[in-house]
Each structure stands twice: as C-alpha cells, then as structure tokens.
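Next come two complexes built around subunit A: one with subunit B, the other with subunit C.
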Partner chain A sequence: MIHDFGIVWSERDLLLSGLGNTTILSVLSAAAALLTGFALTPALMSKQPLLGGIARGFVDGMRCVPFLLFAYIVYYGLPSFGIRLDNWTSGLVALTIYNAAYMAEILRGAWAAQPREPIEAGVAFGFSHLGLFRHIVLPPLLLAAGPVIGNQMIQIVKDSAFLTIIALPELTHAASSIQSRHYVPFAAFITAVFLYWGLCLVIEAGVSSVERLAAARR
Partner chain B sequence: MAGSRKVLDVAGVSKRFGDLEVLSDISFQVEKGETICVLGPSGSGKSTLLRCINWLERPDAGQIYLNGAQIGVSGGLVMSDRELSRIRTHIGMVFQHFALWPHLTVLQNLMEAPVHVQKRPKAEVRDEALALLAKVGLSDKRDAFPAKLSGGQKQRVGIARALAMRPDLLLFDEPTSALDPELVGEVLVVMRELAREGMTMVIVTHEMGFAREAATRVLFLDRGRVVETGAPEQFFSNPETERARQFLQRYAGDAVNGRRGA
Partner chain C sequence: MTGGDVLAILQGAVVTVTLSLTGILIGLPIGLALAVLRWADVPIVARIVAVYVSILRATPLVTLLLLLFFALPNIGIAIGPISAAILALVMNTAAFNCEVWRAALMNFPKDQYEAAQSVGMNAALRFRRIVLPQIVRGSLPGLVNEMSLLIKVTPVLAVVGVVDITRAAVRIGAETYDPLPPFLVAVALYAPIVFALVSLQRWIERRQSKAEAAA
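Then we have the complex of A and B:
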C-alpha cells in the first residue's frame, strides 16, 4: 500500500496540474456563475410576467437536470446544432450556466430578505444606478448570502469532477489516468479526495471570514 | 434677500395611491432657517408629503421648488434619475426606522454619500464627520456598527449622516416614533439645537411638546389637506378648526406638560 502511494507520489506533477486545472475551472466558473446569477436575479424578481416566467423556468429547470447529463448535452449534443466547443470551453460553459441558476436563486432569496429602508436612504442621499448597487445594495447582500454562495462554490468544485468524461485534464481525470497506468486505484483516488478536501477547506476559510464580518454587523 | 430667502416652495401637490387620495392640493413655503412641524393624525398623508418633497414618491400634480429650482421636472419632462440624485444631495433626510447602512461603521455611514455622491475630498469629509459625531455626542461610537447602537444613538447617527451632506433642507420623517420613550429626549435635544442654529427643517412628528417649543410654524394635515397652519403658540392654545381642536385634545397631556418633549 505504501508502495502504491509511492507510485502516486512519482506522478505528482500530473496530479498537481490536475489540481491546478480544477482550481482554474472552479474559480472561473464560480465567478462567471455569480455574475450571471446577478444578471438573472432582477429578471427572477421582475413583475413582468414574460421576463419573470422565462427566468423562473430556466432556474427551476436547470436545478432539476443532473449536471453530468447537462455536460453531455453541451459537449456532445450541441454539435448537432452546429455549435462545436472544445472540452475546456464546454466544461466552463456547462459549470457556469448550471451554477448560475443556483446563484440566481441564492441571491434572489438574500435580496428579498434585505430591509428596504437602507436602500431607500441610499436613493434619498443621491445614490443611483451602479453607485447605489455597488455601495448600498451589494455589500450587505454579499454578507448575507456569503455562506450560501460558499456552499455553492464547494458544489462547483465537486461538479467539476464530472468533466473528466469530456476529457478535461482536471484532478479526477489525473487520478484516473494514474490508476489506469499503474493499477493503484485506492491510492490514486484517495489522494484526489484529499486534494479536493484541501480545496474545499480554502473555500470554507473564506466563508468563515465573511461570516465574521457579517457577525460584527449584526 | 437676507433673512427671508425661500428654500422650499410646495405648490398644489397632490398624490393618490389607487383610489385613495393621500394628498390633495398641498401648498406651503419654507423660509431659510425655519422649523416647520407637520402634525396630524395617522394616515393624514404627512409622511407621503415629506417623501414627495425629495421625489421618493412622485407627486401626481403640483410643483416643488428647492431654492427656486424645480425638483423632478425640467423643461416639461420628468428628470432622469441622475438629475434627481443631484438635487437630492441638497436635501437631507432622517428616517423613522433610522435606515442606517448596516455594513458600514458609524463614521463610514456619515462619510459614504459625501465621498461617493458629492465626490468631496475624503480628509475634509472625515474631519467634518468627526465634528458632527462630537456634536451629537457619539464620538466614542465612530467605529461601532449600527446594530450595536441603541435606538436613540442610531437616530443621532441618522441626523449626523444627513448633516454631513451639508444640506439646504432637512426632512425628518417621524424621527422619534420608533424609539422607546426614555430615548426620545436625547434625539429631541439634537433637533432643538439644530432649530436654534437656524437649520431649515420640515419635521413630521407626534411630539407636541417639541413642536410647540421648537417650531417656527406648524402645518396641520388631515385627510391629505392642510387644514390649519400658523405659529405654534396660536395653534396649540387657540386652534381655529374643530378638527385641530379634537386632535390636540388627544395629545393634551403631552402639549401642556411637555412630558415627552422635555
């Protein structure tokens, strides 16, 4: 068994590049999903029935699709419509769109729970448009939604493992190459598990610092 | 011009919510340095009137002028949000439920709009904000977050925040109504001080003792109309209308003893 881990150690460059790719994938798609979620949130809260209905349909629909299936559709299905994306683009697009639905729903909930008066005070004090959003609306929203957004980021890290099926060289893909090359499944996969865990601990640390900021303001 | 400059001119303002006429044809003017107390029963339209002045509510009819410039409409068209925002920086507002920004410290609450909206230099704004905190007696709370303050402290921060904008006019929307009775006094002390210094203010309040003592004029609203207006002494001791008499009777204890206004 020790010998198996020795083999994994000898392939550390492959694992680390997988970890790097998983990190890049997760960070990029989490940021893009959060931004897309922000763009979707006003539509989700819109009183206009058509816009609200479309946004609601997308969010509810997306949350009921298994991610693996969605990744298949983006990579293997879209070419039938003439849209051919390479595996990196497919992976990023799938992770982003899928998680944007969750982010939008998280932000909608946090937004709806925000007290109206401080925002109105912002308007009364001359804030408008982007300035109002950036200085008055956004900071308390992020403090309130931070922990749940953190959870969703952990979900994104884990979902990214599915992208091994479209041959994206991320961490799971690296671990499974090592095991198939050397027949060390336990050592290879458990090492990957610990690396995922480490990544999640970093996110958790971020979440607790947001929580500390929020607690000081409650 | 000195001594009698018109700061606010409200001319024939009406507002309805659906079938309910909340304000009907309200007109009054405020001279520089005046303290106007708007009195009246709940639901008489006092808060809506205040919110129409800075166009948080858009009036259905009538005009509002601040220092001679019309608010909300320019060249016959409704102003853009940006134009409205620029005018709003000249009007400070104090809210019933404080409406402080929860993610910012007390000092940051005071500095936020002067720095980001008025684009004034940060150091200057900071010095002024610290002086204002001293004035409302909260220098030691400058780094506290609003959630850690008592209601009376929050409202004093609310007043200092409005003053930090160097407004030409201050609006108060029932500033003491959400406070425990024993905290009302500390807020009224600050307001009385401002009245004495000649700050131009329109105050919606139920504090009859304060109105009697600090107002230069009272405006009595009932069902969206100005029923009576005049000097506080005359209004409180000898109201002209039956409606005002009835209203004052319910507050008689407060007005005579100055109990809550002390």
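Then we have the complex of A and C:
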C-alpha cells in the first residue's frame, strides 16, 4: 500500500498539473458564469413578458438538464451545426453557460430580498444608473449571496470532473491515467479525492471570510 | 435514428430511474442515521461522521465511482458496475441528506423533547413519536432537492459501463455518426423527471408556508 502511494508520488507532476487545470477551469468558468449571471439577472426580473420568459426558460431548462449530458452536447452535438470546439473550449463554454443559469437564479433571489430604502435614497442623492448599481446595489448583494455563490463554486469544481469524459486533462483524468499506467487505483483516486477536498476547504474558508466581513459591516 | 434506437434509450431510462430510486431509498435512512449520530454528539463517531460528510460533499461522483469500481476488486471485494454505481450514489447522497436532516434536528424545539421526557417516554419512543414526524416535514423540501441533484449526476454511471439513458444515447450517436438526435431524446427524458421533482419541491414549500401562515 505504501509502495502504491510511492508510485503516485513519483507521478506527482501529472497529478499537480491536473489539480492546476481543475483550478484554472473552475476559476475561469466561475468568474465568467458570475458575470453572465449578472447580465441575466435583470432579464430574469424583467416585467417584459418576452424577455422575462426567455430568461426564465433558459434558467429552468439548464436546471433540468444533467451537466454531463450538456457537456456531451456541446462537444459532440454542436459539430452538427458546423461549430467545432476543442475540448478545452467546450469544457469552459459548457461549465460557464450551465452555471450562469444557477448564478442568475442565486443573484435574483438575493436581489429580490434586498431592502428598497437604500436604493431609493441613492436615487434621491442623484446616483447615475451605473454608479447606483456599483455603490449601492452591488456590495450588499454580493455579501448576501456570498455563501450560496461559494456553494455553487464547489459545485463547479465537482462538475469540472465530468469533463474527464471529453479527455480534458483535469484532476480526475490525471488520476485515471496514473491508475491505468501503474494499476494503483486506490492510491491514485484517494489522492485525487483529498485534493478535491482541499480545494473545497479553500473555497469554504474564502466564504467564511466574506461572511465575517458581512457581519462586521452590519 | 430508428424507432429501435428510441426504444434502447427508453430501456436506459428504466435503468436510470431504478438506480436513482434505489440510491434514494437506501440513502435516506443512512443520512438520517448519520445526522442522529452527529446530533447526539456520540464521542469520536460524531467527529468521524463530520469528516466523512465534509469529504464526500467535496468529492465529484465520477472520482468516487472510479475509486470504488477499480480499488475494491484490488483489495479482494468483487464489484460489478451496477453495485459500484449504487454504492457510489448511496455514499454521495447519504452525506448530503445527513446535512438536511441535521439542519432540521438542530431547529427542533428543545421544550417538546423535554416535555416528552417528563411524561416518561423513553428515547426511542420520543424519537419516533415526537421528533421524527416533525423533522420529516422540515427536511422534505431539502430532501426532494437532493433527489433532483442525484438524478442529475446519474449520467456519470455510464463511465463504468452502466447502460443508462446517457450511455444508450452515446452508443447510438457513435453508431449513426449523428450524436445530436439521441442526445436530444436523452434531454427530453431527463428534463421532465427533474422538472417534476423541482415542481414537487416548490409545491411542498408553498403548502408549508401557507400552513404556517394559517397557524
């Protein structure tokens, strides 16, 4: 058993590059999904039936489709329309679009729960649209939605593991190749599990520091 | 894509639904047991459960499944794709259910528990007659939410060779060189199942908040 972990240790470069790729994938797509979610949220809250309906349909649709199937469709299905993406682009696009729907729903919930008074006061003080959003709406919104956004980031890290099926060299894929090369399944995958755990603990620590910040501001 | 292909995907749907139901039915009581162990603060065991839940909640199902499928035979436990799939689903969903049950247990009013104690109910009776009926109601929306999440991760089971909706669709796509139609059929099967669970969750929440407003 110790010998098996020795083999995994000798392949640490592969495992670390997998961990690096998982981190890059998660961070990039989480940031992109959050931004897209922000763009979607006003549409989701729109009183216009067409715009609101399309946004609602997109968000509910994404929430009913398994991520792995969605990734398959982006990678294998889009070429039918003449759109051919490599595995990195497909992975990033799939993670981003899929999670943007969840982010939009999270932000909508937090936005709807915000008190109206500060916004009205901001309008009375003559803040412009963008200034109002940046200085009055955004800070409490991000603090309120912080923990749920953190949960979604953990979900993104876990979703990124599904991308091993389109041969993206992330952490699970690295563990798989070590296992198939040396036949040390337990050592390879348990190491991957602990690395995922570490990644999630880092995200949770980030979330609790945001929570402390929110408590200090209150 | 022929009618036979659609039938093959439908057979996959039977496998997906059966495995999901098995995972849910075994995972629910195990999650409750884990939550009670943490709630009762059993020394050492409660700590182990806390670490288990923390690790399992951070582990992608693919990684867990590959670990079980390849490592268990290595230590002499023969396991097929179906058993590995069920074991992975149960281990995963029990950890999430544990958190839902535990939240309901933490919110349980202490005075009711003490009242039951004072009329001489023993621990088992207190739990069955007083605690359980009320925490079931409190946890229901969270548990249904977890069921819809579980169905959304089942396509992963195809990785070890379980012929579910996803694997059937992939196979047909590879045979016909036109993967889009079978994938769309697969989406048309998953979406109503997940949507039904999401609607059920919203309906339970609405009904409960109405009942609370009336009380």
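Just so it is clear, the second predicted complex is superposed on the first by the 217 of 218 C-alpha atoms of A that agree within 3 Å, B and C clash if a C-alpha of one lies under 4 Å from a C-alpha of the other, contacts with A are read in each partner's own complex, and residues count from 1 in each chain.
Please note the rule applied: contacts are C-beta pairs under 8 Å (C-beta built on N, C-alpha and C of every residue); 3 or more make two chains touch, one makes a residue touch a chain.
Because the structure is a prediction, the values reported are computed rather than measured.
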Overlay on subunit A: subunit C relative to subunit B, clash or fit: fit
First, second, both or neither for A:G61, with subunit B first and subunit C second: second
Between subunit B and subunit C, more extensive residue contact with subunit A: C
Contacts of A:S80 with subunit B and subunit C, given as first, second, both or neither: second
Touched partner set for A:P42, first subunit B, second subunit C, both or neither: neither
Partner chain(s) touched by A:Y72 [first = subunit B, second = subunit C, both, neither]: second
Cα-centre angle that subunit B and subunit C span when viewed from subunit A, reported as a multiple of 10 degrees: 110
Which of subunit B and subunit C A:L201 touches, first, second, both or neither: second
Gap in Å between nearest CA atoms once subunit C and subunit B share a frame through chain A: 26
Intersection of subunit A interface sets (partners subunit B, subunit C): none
Complex contacts: residues of subunit C adjacent to subunit A: 54-55, 57-64, 66-67, 70-71, 74-75, 151-156, 159, 166, 169-170, 173, 178-180, 183, 186-187, 190-192, 194-195, 198
Subunit B - residues contacting subunit A, complex: 54, 56, 81-82, 84-86, 88-89, 91, 93, 95, 97-104, 112-113, 116-118, 145-147, 161, 165
Subunit B-touching residues of subunit A, taken from the complex the two chains share: 117-118, 120-129, 131, 135-136, 139-140, 143, 216-218
Subunit A to subunit C touching residues, read off their complex: 60-61, 63-69, 72-73, 76-77, 80, 154, 157-162, 164-165, 171-172, 175-176, 179, 185-186, 189-190, 192-194, 196-197, 199-201
